[in-house]
Structures are given as C-alpha cells and as structure tokens.
Amino acid sequence: MFFHRKELQYEAKPERPDPVFARKLQEVLGGQYGEMTIFMQYLFQGWSLRGNEKYKDLLMDIGTEEIAHVELLATLIARLLDGSVYEQEKASSDPTINAILSGSNPQHAIVHGLGASPKDSVGVPWNAGYIIASGNLLADFRANLNAESQGRLQVARLYGMTDDQGVKDALAFLVARDTMHQNQWIASIRDLESKEGVVTPSTFPANIEPSEHSHTLYNCSEGEESSKLDWLKMPAPDGSQFKYEQGRPFGGIPKLEPASPKAHDTLPMEDIQGDNNA
Amino acid sequence: MFFHRKELQYEAKPERPDPVFARKLQEVLGGQYGEMTIFMQYLFQGWSLRGNEKYKDLLMDIGTEEIAHVELLATLIARLLDGSVYEQEKASSDPTINAILSGSNPQHAIVHGLGASPKDSVGVPWNAGYIIASGNLLADFRANLNAESQGRLQVARLYGMTDDQGVKDALAFLVARDTMHQNQWIASIRDLESKEGVVTPSTFPANIEPSEHSHTLYNCSEGEESSKLDWLKMPAPDGSQFKYEQGRPFGGIPKLEPASPKAHDTLPMEDIQGDNNA
Amino acid sequence: MFFHRKELQYEAKPERPDPVFARKLQEVLGGQYGEMTIFMQYLFQGWSLRGNEKYKDLLMDIGTEEIAHVELLATLIARLLDGSVYEQEKASSDPTINAILSGSNPQHAIVHGLGASPKDSVGVPWNAGYIIASGNLLADFRANLNAESQGRLQVARLYGMTDDQGVKDALAFLVARDTMHQNQWIASIRDLESKEGVVTPSTFPANIEPSEHSHTLYNCSEGEESSKLDWLKMPAPDGSQFKYEQGRPFGGIPKLEPASPKAHDTLPMEDIQGDNNA
Amino acid sequence: MFFHRKELQYEAKPERPDPVFARKLQEVLGGQYGEMTIFMQYLFQGWSLRGNEKYKDLLMDIGTEEIAHVELLATLIARLLDGSVYEQEKASSDPTINAILSGSNPQHAIVHGLGASPKDSVGVPWNAGYIIASGNLLADFRANLNAESQGRLQVARLYGMTDDQGVKDALAFLVARDTMHQNQWIASIRDLESKEGVVTPSTFPANIEPSEHSHTLYNCSEGEESSKLDWLKMPAPDGSQFKYEQGRPFGGIPKLEPASPKAHDTLPMEDIQGDNNA
Amino acid sequence: MFFHRKELQYEAKPERPDPVFARKLQEVLGGQYGEMTIFMQYLFQGWSLRGNEKYKDLLMDIGTEEIAHVELLATLIARLLDGSVYEQEKASSDPTINAILSGSNPQHAIVHGLGASPKDSVGVPWNAGYIIASGNLLADFRANLNAESQGRLQVARLYGMTDDQGVKDALAFLVARDTMHQNQWIASIRDLESKEGVVTPSTFPANIEPSEHSHTLYNCSEGEESSKLDWLKMPAPDGSQFKYEQGRPFGGIPKLEPASPKAHDTLPMEDIQGDNNA
Amino acid sequence: MFFHRKELQYEAKPERPDPVFARKLQEVLGGQYGEMTIFMQYLFQGWSLRGNEKYKDLLMDIGTEEIAHVELLATLIARLLDGSVYEQEKASSDPTINAILSGSNPQHAIVHGLGASPKDSVGVPWNAGYIIASGNLLADFRANLNAESQGRLQVARLYGMTDDQGVKDALAFLVARDTMHQNQWIASIRDLESKEGVVTPSTFPANIEPSEHSHTLYNCSEGEESSKLDWLKMPAPDGSQFKYEQGRPFGGIPKLEPASPKAHDTLPMEDIQGDNNA
C-alpha cells in the first residue's frame, strides 16, 4: 500500500518558462527509458517476486522512489509551460515566438492545458511494452541496469541542451540518482552471478545445449575486425573458451508442405487451376 | 549490403504439427525479446556507430546472424501449422480438437494462411519501441545483455513446454547461441568498463553531481530488509561508499501558477465565475 | 513523494490456482479501464492542477490508493498462477487440462514466469492513450466518473464468472471502492456545476456560439424514436430549450484546389499527361 | 445502412493557408477525443444496444452526424494545406518560412499529398483503444459526456489560437454542437439515474459489497485539505453517508509461493544452486 | 454529410450462438484488412481528392457502403454472443463448454457486455496505421485493390470454418461485394495506367533516374530460380527491358564522423578517457 | 541464412548536415511504407511460401536487397546529423538555428546520439501491423505493388524538398529501384492473373456468391458522377458485366435479444428496476 507526502523529493524550479524544453523533457518522463518505465518495471518485479525478501524490499524502495521522479518532472514541465503558448497571432512578425511555437508540443496547449503528458518528446504515449518483469532476478537486474544506463545518458544529454540553472540543478539530481542505481544493480548482479554463474537462466541443464554452438562467434559479415577484440583470446566469462568461425548453415534448404485447400493459399503452380474447396 | 543463402542456419523439423505450440513460439519470434528485436537492435547499433570498427563488425556479425534465427523460427512455425486448423465442424464432439482450436492463434488461419506472423504469442504486432540504439556502447551492450538474458529464459521455458524432439532440438540450438551472446556481451562490457569506468556515460563531469545523492539507498518502503544486502557494506562498483538512509524530501511543496485564461483550465475557485477570454 | 507499506490494502487469497481466471483478471489491472488507468489518471491530474488545493489533495488521496489496487490484483494474479501451466505433455489425453492451457495467457508462462503482466485480458500492453489530464476539473471529473463506472461494471462481471470465494471477496472490495469513487466524483461534479454551470469549459463566451445549433438534436437517422425521449420536452440542463430538427447541410459542396505539382498527386484528369516538376 | 450527401454540414473555408494550424487541428480530428473517437463510439454503442430503441435511435442520430464533423475537419485541413509546404530551398534566409516548415506536419507533405491524416496533432495514429461500448447505457453515457467535454475544451483552445475568421467560424459551429451534446448526455444520464440510481451497474446486489468500504474517503496523502470539501458533509449522491478516514491496510503482507522449477525463475536464495529441471 | 437507414444492407442472422466464431469474425471487422480499414481508407481518399469528381464520387459511394458492412458484422457478432459466456462454474466438468470459454474473447464478456469490439480476432485495437490516403489515385487504387484482395481472402477462409448457414449466407454476400470491388479497382487502375503509364508517380522526370538501376533484378540470394520467371524475358510493363544481374555494391564502406562530445556517445577507443563536456 | 558486405549498395553522402531533413527522411526508413516495411514484408512472404520456388527466390532476392536500403538511409540520416543539434543556448538570437532546432527530431539528439531511429518522420515507432504475408501470392503481390507505389511517391516528394545533391543522388537511386519493383510486381501479377483469373482467391467456388451483388456498383452517395466512369460500360476485368444501381437495404431492421443478466447491461427500460443476478 502506498502513501504520499506533499513535498517533492527535490526542487523543480526553472528560472523561466521554456515550452520548447518542456517538450524535450517529456522524453525522460514518458519515453522508452523515462521515469514511468523505471517505476513500473521495479514495482512489477517486486510484486511478482517469489521469495528473496531482501531484493523484494530493494525493488519496492526504488520503485516507490521513482514515482517521485515522475512527480518532479511533471512539476518541472508544468512550470516550463507557465506563460502562454497560445499566441499564434503574433507569429508572422516575431521569429523568436515563431520558433517557440514551432518547437513546442501542441498537445501541451490543446490537450493538457499546460500540464505534463504521459508521453515522450515526440508525443508517443507511454506503453507497457517498454517494461519487463520475468521472475528471474538476474535477467531483470540486467534490464534494470540497462534502463538506468539509458536513462542517465538521456538526462546527461538534456543537461547540455539548456542553460536554465534551475532545470540543470534538477537534472543533476536525477543524474546522481542514476549513478546510485547503476552502482546498485551492478552490485546486485555480481551478487547473483557469484551464486548462479553468469549465464541466465542457470537452471537450464548444460548437457542439453549443443556445445559446439555455445561459445563460437560466427563471422556473418565481411571482414574480420571482430576477431581482433581482445576478450576473444581470453576465457569466456563462464569459463569456457571462445571460438571464432566463419558463419555457415548447419541445416538444409527448407521446403514447406502445400497448404490445406481451405487456406485458399496460392497452389503450387502446376495445380493452380485445380479444384475448389470452400 | 546483405546476401541470402538458402540453407537454414539450423534444422527446423518438428515431429508433428502442433498449432497450439506454433502460437507460443511466436513469442520468441515477434515478442518484446524475440529474434526480430535482437536483429534490429544490433543492426541499428552497428549502422549508427561512429568509430570503433571492431565493435561495429561484431554488431554486424551478430545482427546478420540473428535474421537467420527469425527465418529458422518462421520455418518451424509454418511446419507446426501443417495440417488443417480449419476444421471447426467437428468441434463439438471431439474435445481434443476443440482444445487445439481454442488454443491456436486464429490469425495463423485467417490472416497468414498457415505462415508465421511478425507478432508475439498473444498476437500483438512487433514494434520498434522494443529496441534501442543510443550511440553509447556501454549503455547499449547492457541492453544487449539484457535482451539475450530474457531471450534465453523464454526459450528455456518453451523447451520445457513441448515433448516434440524436433522442436526441442531447434530450441536447444537457440539456447546455445544465447549462451554465446551472453558471454560475448559480458566480455564486451568488461572491456568498456575497464576503459571508461562502470557508470555510463563516463563523460558527464563528476563534480556536477550532488554527491550526497549519488551513492545513497533511500529506504522508501516499510522495513529494512534491503539494508541487509551484503554488497551495501562493500565498496560500490565505482569505488565510492554506499550509504543507507530513510527516504525523505529535499524539495518543498509545489504550488503551480494559475494558467493563462486561454487555456480554459479550471480557475482557482474564488475566481471561478470570472471573465471570459476566448 | 511516495512511501510503501508492505501490507496489502485488502486480502488477495484465492482458494485455488486458476490460470484461466488469472488471464481474465488482467483486464481490470492493465486494460482500458483497469487500475493502471485509474491511478495514472488521478496522479497526472493532481500533478498538473494549478490552484484548488482541496481537489488536488483529493486526487492525490485517491491516485495513491489506486496504486495499491494494482498491487492487490498483481498479488491475486500471481497466486492464481501458482502450480504449473507448463504441463503440455499431458494435453492430448486430459480435456480439462487442455482447456486450461488453451484458455490461459501464454505470456504468464513464457514472459512473466508466473507473475502479473501490465497488459489487458487479451495481452495488449497498457498505454497512456487511455488516460486524460486536461487542466479542466469539470471535464476531468467526468472522465473519472466514467472510468469508475466502466471499472465497477467490469469487476461486477468478473465477480459473476468465478466461484472462488477468495477471489470474490477481493472483487467485492474493489466494487465497494468504486461505489465510493462514483459517489465522490458525482458530488464533485455537482459542486463544480453549481459554480460554473453544466457546459464545460464555462469560459468560452456564449455569444460566439451560433445559438441555432447549440440546443438542436439533428435527426440524421431514419425514424423519429429519439424525438420521444422525455427529456427533449423539458428544459435543457443549462436552462435553454431543446429543439428537434431533421439533419441537413448548412455548408456547400466542397471543391478543393489542385495540389502543387511538387505533391505528385494525381492531376485533374484533363491535365494528367502534363508537365513534370520534381 | 448509410448514405452520403455532398454538402458539408457547415462551411469549412479558411481565409488563407496555414499548415501550422492544419497540424494542430488534427488533434480534434484524429486525437484521443477527436471526431473519429466520437462517431465510432456512438455507432458501436448503437449497434450493440439490446432493446431501448429511443436511445438506440439517438445514438445513431448523433453517431451519423459526427462522421460529417470528420468530413468538415478533413476539408478544413486540406484547405489550410493549399499552397506549398515543399519549399525547403528558401529556408535558411526567410525565418517566417522556416517557422512554418518547422511547425508543420511532415506527413502532410510526404505521406498525404496535402490531405488530412487520421492521426492527432503530433502524428500518432487514431486507435480503437480510445473508445468504449460496454452495453451499459449509464456507464457509456458518462463516457460520452466526458468525450464531449474534452472535445469542446480542445476546440475552445484552438479557437483562441488562430485569427483566421473562416476557421474560427467553423470551430464555433463545433463548439455549439458540443454544447448540445453535453446537454443531451446530461439529460440522458439524469433520466437513467432516476430509474436505476446513480451507482452503476445498479444490478450488482448491494448486500455483497462490504459497506464499511463503500462510502469512505481514505486519506492516503499527507494533509487533510480533502476533508474540507463541502460535499463530504452532505449525503452522498446515492443517499448514504460519506466517511473520512486515514488510509490503512486491511490485508496482510503477501508472501508468494516459490515458482515451479519449469519457470526458471530465480529460486529462493538458499536453494539457488539447486537442481535443474528443463 | 451522412444519413442512416435502419435496415441492414444484408441479413445477419446466425442459426445459433457461437462465441468462438464471434471472436474469429472480429478479424474482418476490426483487423488490418477489416471493414473499418476499408471504409476509413475510402472516405479519407475521397475527402482529400483535389479534382477528378467521378472518382471522388466513386470513393464516397463505396466508402459509405462499407460503413454498412461494419454494421452488418457488428450485428452478426452480437447475435453470435447471445446466450451466456459467463458460466465458468460448470467449466471443469464439461469439456465442450470449457473449449468454448477458452476459445472465446474475454473482452466480449468483460468489456463489451456481449457486443462487437473495434478490434481484430486476437483483440488488438484497430488503428489508423492500417490505412492510406496519399493524394495519388493510382497509388491509392493499388492500395484499395490489395485491401479488397486480402479482405476477400480472409472472408473466404472464415466461410470454410463454420457450418452455420446464416453466417455463411452473410459471408457469401461480403465475398460478392469484394468481387465487385476487386473488379472496380482493377478497371480504375487500367483507366489511370492508360492515361499516365504504369509507374507511379508519373510526374517524376524520367531523366533523373539512374537508368542502369531502374529495370534490373539484382540477385541477392543464392540460386537463380528467379531468373527463370517467364516475364523476365518479356518487355517490362512500362516498355523497357528487364535485366538480371548479380547483386553488388555501388557505394563504398561508410565511415561516420565522431559525434559531438555533447552527445555522450562512446568516443573512438583511443580517446575514450578524454575530456568531459557536459 | 544471411551475410553482410560492408559496402553500401549505393553512396549516401550529403553535401552538408541538415537535421531537419534527417527527420523527414525517417518517413521512408521507418514509416508505414518505409524500407523496414518493404524488407520485412518480402522476407515473411518468402519464408511462408509453400511451393512456387521461382517466386520464393524472387521474394528472397528483393527482401534481402531491401535491408540494404534501410542501411543506406540509416547512413544518410547519421551524416545529416553530423555537427551539433545540442546548441540550445543561442536559440533566442539566431532564427535560423531556432528553426533548425524546432524542426528537428528531439529523439535524434536525446535518445539516439545522432543516429537513425526505427521510426517515421513524426517519431511513431515502426510496427508489424504495416506488413502482410497471407500465403496467397496474387493478394500479396498486390500489397507489394501498392507498397512500391506509395514508397516511390514518398521518395519523389522528398526529392523535391531538398537541394543537397548528395541526398538527391541517393534518393534518385531509390526511385529507380522502385521503378524496377513496380514493373516486377505488375509483371508477376499479370502472370498469376493469366493463370488464376483476376479475382482472388480464385479457389472460392463461384456458385456460392450471390451473383446479383458481385458486379453492381451501389450508389450510396448523392449524385451520379460515378456512373459516368468509362469502364462501367465495358466488360468487367473478370468478364462479367458491371451494373449501376441505387444503394438500398436487402436486410431488415436488426433487433437484438436482451443480454444475460450476468452481463449487467442496461435492461430494456420496462424492466430496468428488475432483479439482481451477480
């Protein structure tokens, strides 16, 4: 069960309105790796966890914190939208206003009445196809580390795209939290890898895998630059030995059976004016 | 530029048709972590890479190989759909046929004429919101490691859900390739981390981050199980020291400015019957 | 900022596993009017509100409570998935198991490892196109009343589709909460209507509207049953008088200008072999 | 069955081309609450209605009229796109043209050849996840009242964002129709509420609901501003009495059972190097 | 402007309820090539047409007729859902009921109260990404011919999947209409091709195209079966001569420039611990 | 199985960066008729083909070539993004930079680090709902001809929107390939039509169709311009005779049965306060 405190986790006070930057900030609120993705992913992982209470508690800690990051960004965006983006009349004579109007998100004005939107920087709605909760912690912590890496990268880029110190301050806080969360998932991954091994799921019996394919880099593109990667000569992370081979087929040329006449597929050509079975 | 050889990378010969399993296999063809995701993600990463030719070559090697995995699965699914799923007439008297019809994907029959579909196991079309190419290799290799982890997990689960040895054999091949690809991305990540450090992007100046927030686990959920995770007492992966604190706000209570009248938002209540500005 | 308590808002203990019903329950978790919609809609409305602190507090109260409803349903679904849905081998001989397998969601097994999914009962991912936060409270409270009406209707239908008393008990709790929330939004709507009038936005100047069209029911379909609705003879809710007229055009037949040659649209026929301007 | 007359329901003649405003108008054609939503929602409700012929006729009246609103907007947009948006060459020297090009929708030029698009103002395609037809008229009329409220709000905002009198005239007509439709759905809702009661569905037996939860506002957020809402002291719309209480859990802490080994979920930690069951 | 007549264009009377077939029929109502696609595509093409009034009238004729096909299918589906799909209690003992419940669409029961849904046979909502209106009639009539071809194919398959004579009768009517519409678009395409030539758009100046690439089939896959297609030896439809060549690159190996440091992309490896520019 | 060569199929060298045009080019990479659509559609058709090896080989030839077109466009876009789009600071004083920033895609900067995106020109992700593989070659070749027609039209429009000779050169190559592919699919369609007849699927027995509806143009819109189309007087492409009639209903007025009480639908009004069955 959840409870809300009114204070923001961190200040969200731009120096001045900037509807163009408001549009860009939507990416880290409602984009593929925005805070909506992060909090939903952690909460669903936590709710589905079967045992492993320390990690469940960690997921609930961070998932709950991340809702506050959506709140922080929604507040920041609303304030960047203060003032008016409705002043179309003056557009033809003032190029600065023109550019602002052209670069802003029309839905902030038309749909949301100057509030944040649960969408990304181009206006695509957030969807749950962005998140994962698989029940396997090592797989999911890798998803989490990726999400925090992409997220920190995007915030860092946005940091360099504004000179509003209020916005920069809030973004620096989010960068710092992502520093923590990258560290945390790396540490958690190392913990699990030390117990299970590095290849997940660890519970798939090794003897079933065809071992000639499990450590070979198949060169399917022209050139052999990839063969010069240093780690290819070192033991693989799971202790086996990497191999490097030219990509080639191990199967034959597939020939599919003709379809049932009820499919109304194209018949093999010799039969094409054949019988009708509706 | 690309070229096609007719042979499959690996055999795809089920022992018998099974339209219900064909539906399930769609998940690893066209789902969030299906082979369409994998090959698209690697190719886009490769095409956008600026420098680092060894890794570009690696991405093209694997991205190109993965198209063949879509091909393998599309062939496997088409063969599992041999025979007819159009026999509705007998449904009421034979419960086994009923169950097959109920558990199969109606689009395999109606839309695809017994061919594979670029969709997941419930019929949701694949979309590019599943993939990422950020221009930052460490971030993207973490995305790749996650994708191979989720993919291997899903194939392992499917392996346990069939007793068709032909299908199992093809799935075991895919598991082995994912073993390789997990090893490969782990090795690549270690390579980059050794050069850049573990927190990505490494190019964001450390002095900008508020350090009191960059290594603290904020406990935002009841209970302190998370404080007992062993790694919390150890140095963080980037060499700093983790801290554990009770979550609390660092910002104030946000009060937003009233909207422009042109927004037609609800006015603050005292003014609610005020002037009209259309 | 948000905090989590570990106890559920209400018990979520099915009497027995039922993966088929687990699939159906997904509708009220991640469907168009599922709890994900409800909590997101209220939080975004609250975060964007400019003034009107009582209603902001109300929105945060209920939005925060509704996250707990997602938690409750995620727990219920996970428990309905206890036991195994991986037993394909026995399928052909036991029709009851067949039906269970056919009626369950394959992603619960393949993707989520027996956890809940942020998707609806057919597997379509939740997306933010379901929610609205417009900045106009009367418009949004009507959205909220609709959401609670559709939500209660769906839970009531699900209640009649199971005889598991544990599930029924949890669903009855959700029905009761929706009873409260319908009452609450009706009361809030009446409050705003008494201050602003019933037509929203109230700030659009009445004299701009062409009054001959603002209270007329145009009969655009054969038959006049609609003219017999009792309320047509009564004053309209905003105090005007309804009229009933046969639908007819007030505009002319539109003729569009030819496109720029740069559009490469089909030219008007007489000119169709005309000049080329690329 | 449907028939088309060539005249528009209302004139759609802009004074001059304006591709930037054409993009914005797309919101009320193909957005979440655009006319495509409105007409589809009414038609599906009408087609599915079982009895209640007066309301069925009303739904068909309005649903059919609303197709003409899409037609009106499609014509308006096509005319706003007259002239050329293909003149990229002059872009660097003329800031007004630059702004027009930057603020216009590239798909109007590239995909649609200067015609309207079935998408919203940022280019997201209309989808049927926006509409509802539940079979329950009270629930659906609330959806309809919401749709007409959001729609009128968006048109009112657009009215204030242009000074083209031809466009303003057409928008004022749409505002007037939404005035009618808000009145009409309010009247219809009052009619149904007077027969069924205000809580929908009315057919769920009251004695099943846990009454301690059906009229209580749980305060789940800091502060008690919400307790001061006047209507809390008045009888609830369904005649019961509202209560105000601090939010608290009524359930316990959930502990989920371990997953079947076939799930390949992470095992509880003590067992993590345990047996393999593929 | 549109008007509605109450009679269906054709009867829609199943002999008996069949919720499993109701689910399948959704494909031709709300799927990629369902009637929603057809009517929307024709109306948008008609509304955007600039000149060519005969074809505009044709598009409005057919577009308007096709709304009636949605109506027909919605009625058929509602009647196939008569009776109850809510009888879960008896499921474990009666395999026929089990199969019906498993094969039906849960949203028909939970969301739509036994009405049709604007979605396809697996429950994916219809979206406007399925349709096209380009302003170029030859291009669009080819889209229309494709849509009628896929549509007739899907209806023909469904015809073979039921033995309900009432359903078969309605489907045969739809097949007949698609026969007409295929003939009509073929005739229209021939008309336009005779005026413009077969390659669209005809207004792109031929001298700009590199002619060595405009009639060559590049063999990019192993084997030369494609070279034996009879038409390769005949003049191409536009009068030129086909050629057959081995696929090969005409460009060089692309090397991209390093990114701006503000991108925080991975730097070329030699520089990877270089300067920070946030 | 697939292999990659490093050279591009054609050069992709813009004269200068142009992030605004980079955004527009995304349409033909990741839009509805972009190259992602083309290559996926051909590969899925090829993989599913049952017999007809010449056409299978043709599909694999072209499908494989088209991956190289995505590669070409991805390279072109990356180069158009050279230089920096991160320079927000100067925005207010330099209108040319303003327009560039406003007209560019923010995700190129924030998400992709100056690489191409698998999305269209407004940022909507590519999805598999754009493609078709039906198993019926005539239907699918019509889909292919449409795709090449729309694709060539879009590239031709883009050609007229830039004056960068390097970009124009690459686009002219793509136009030429689409010329080939239109010719090729027309020739293939004629081949199949000569064997099967023009109406697809040809295997649906003609005697089942109600012939009075299979060649009649129903005039469902005001005016008879459509009756003057020349081809109406000529034999239909399948050899029958077209007819022209006023649209009219052949079915009756549908009355649906009341729903099961378990649906909680609105009851017919006389019964509306009736019994409760949850």
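Which chain is which? They are A, B, C, D, E and F, in the order written, and residues in each are numbered from 1.
Keep in mind that, in the parts below, a contact is a pair of C-beta atoms (placed from the backbone, for glycine too) under 8 Å apart; a residue touches a chain by one contact, two chains touch by 3 or more.
Treat the numbers as computed from the prediction; the structure is a model and nothing was measured.
Listed by label, the chains that touch chain B and also chain D are A, C, E, F. Set side by side, E-F and D-F show the greater C-beta contact count at E-F.
Overlaying the C-alpha trace of chain C on that of chain F calls for a turn of 180°, given as a multiple of 5. One inter-chain figure worth recording: chain A and chain D are separated by 27 Å, centre to centre, where each centre is the mean of the chain's CA atoms.
Chain centres here are Cα averages; for chain C and chain D they lie 9 Å apart. Among the residues of chain E, those touching two or more other chains are numbered 1-9, 32, 48, 50, 60-61, 64-65, 68, 75, 78, 86, 95, 98-99, 102-103, 109, 111, 113-114, 122-125, 127, 129, 132, 134-136, 138, 153, 156-157, 159-161, 201, 203-204, 208, 220-221, 223, 247, 249, 256-257, 259, 262-265, 277-278.
Taken as a contact graph, with one node per protein chain and an edge wherever two chains touch, the assembly is complete, since every chain touches every other chain. Across the interface of their complex, chain B is touched by residues 5-12, 32-33, 53-58, 60-62, 64-65, 68, 72, 75, 78-79, 82-84, 86, 109, 113-114, 124, 127, 129-130, 132, 134, 136, 138-139, 142-143, 145-146, 149-150, 152-153, 156, 159, 172-173, 175-177, 179-180, 182-184, 186-188, 190-191, 198-201, 203-204, 208-211, 213-221, 223-226, 228-232, 234, 236-238, 240, 242, 247, 249-254, 256-257, 259-260, 262-265 of chain A.
Only residues 1-9, 30, 36, 40, 43-44, 47-48, 50, 60-61, 63-65, 67-68, 70-71, 74-75, 78, 111-119, 125-129, 131-136 of chain A touch chain C when the two sit together in their complex. By the touch rule above, chain E contacts chain B in their complex via residues 20-21, 23-24, 27-28, 31-32, 95-96, 98-100, 102-103, 120-124, 153-154, 157-158, 160-163, 220-223, 247-249, 256-259, 261, 263-269, 272-274, 276-278. Residue ranges on chain F touching chain A, taken from their complex, read 1-6, 48-52, 86, 88-89, 91-92, 95, 98-99, 101-103, 105-107, 109-111, 113, 122-125, 134-138, 192, 195-196, 201-205, 208.
Residues of chain B touching chain D in their complex: 153, 156-157, 159-161, 262-264, 277-278.
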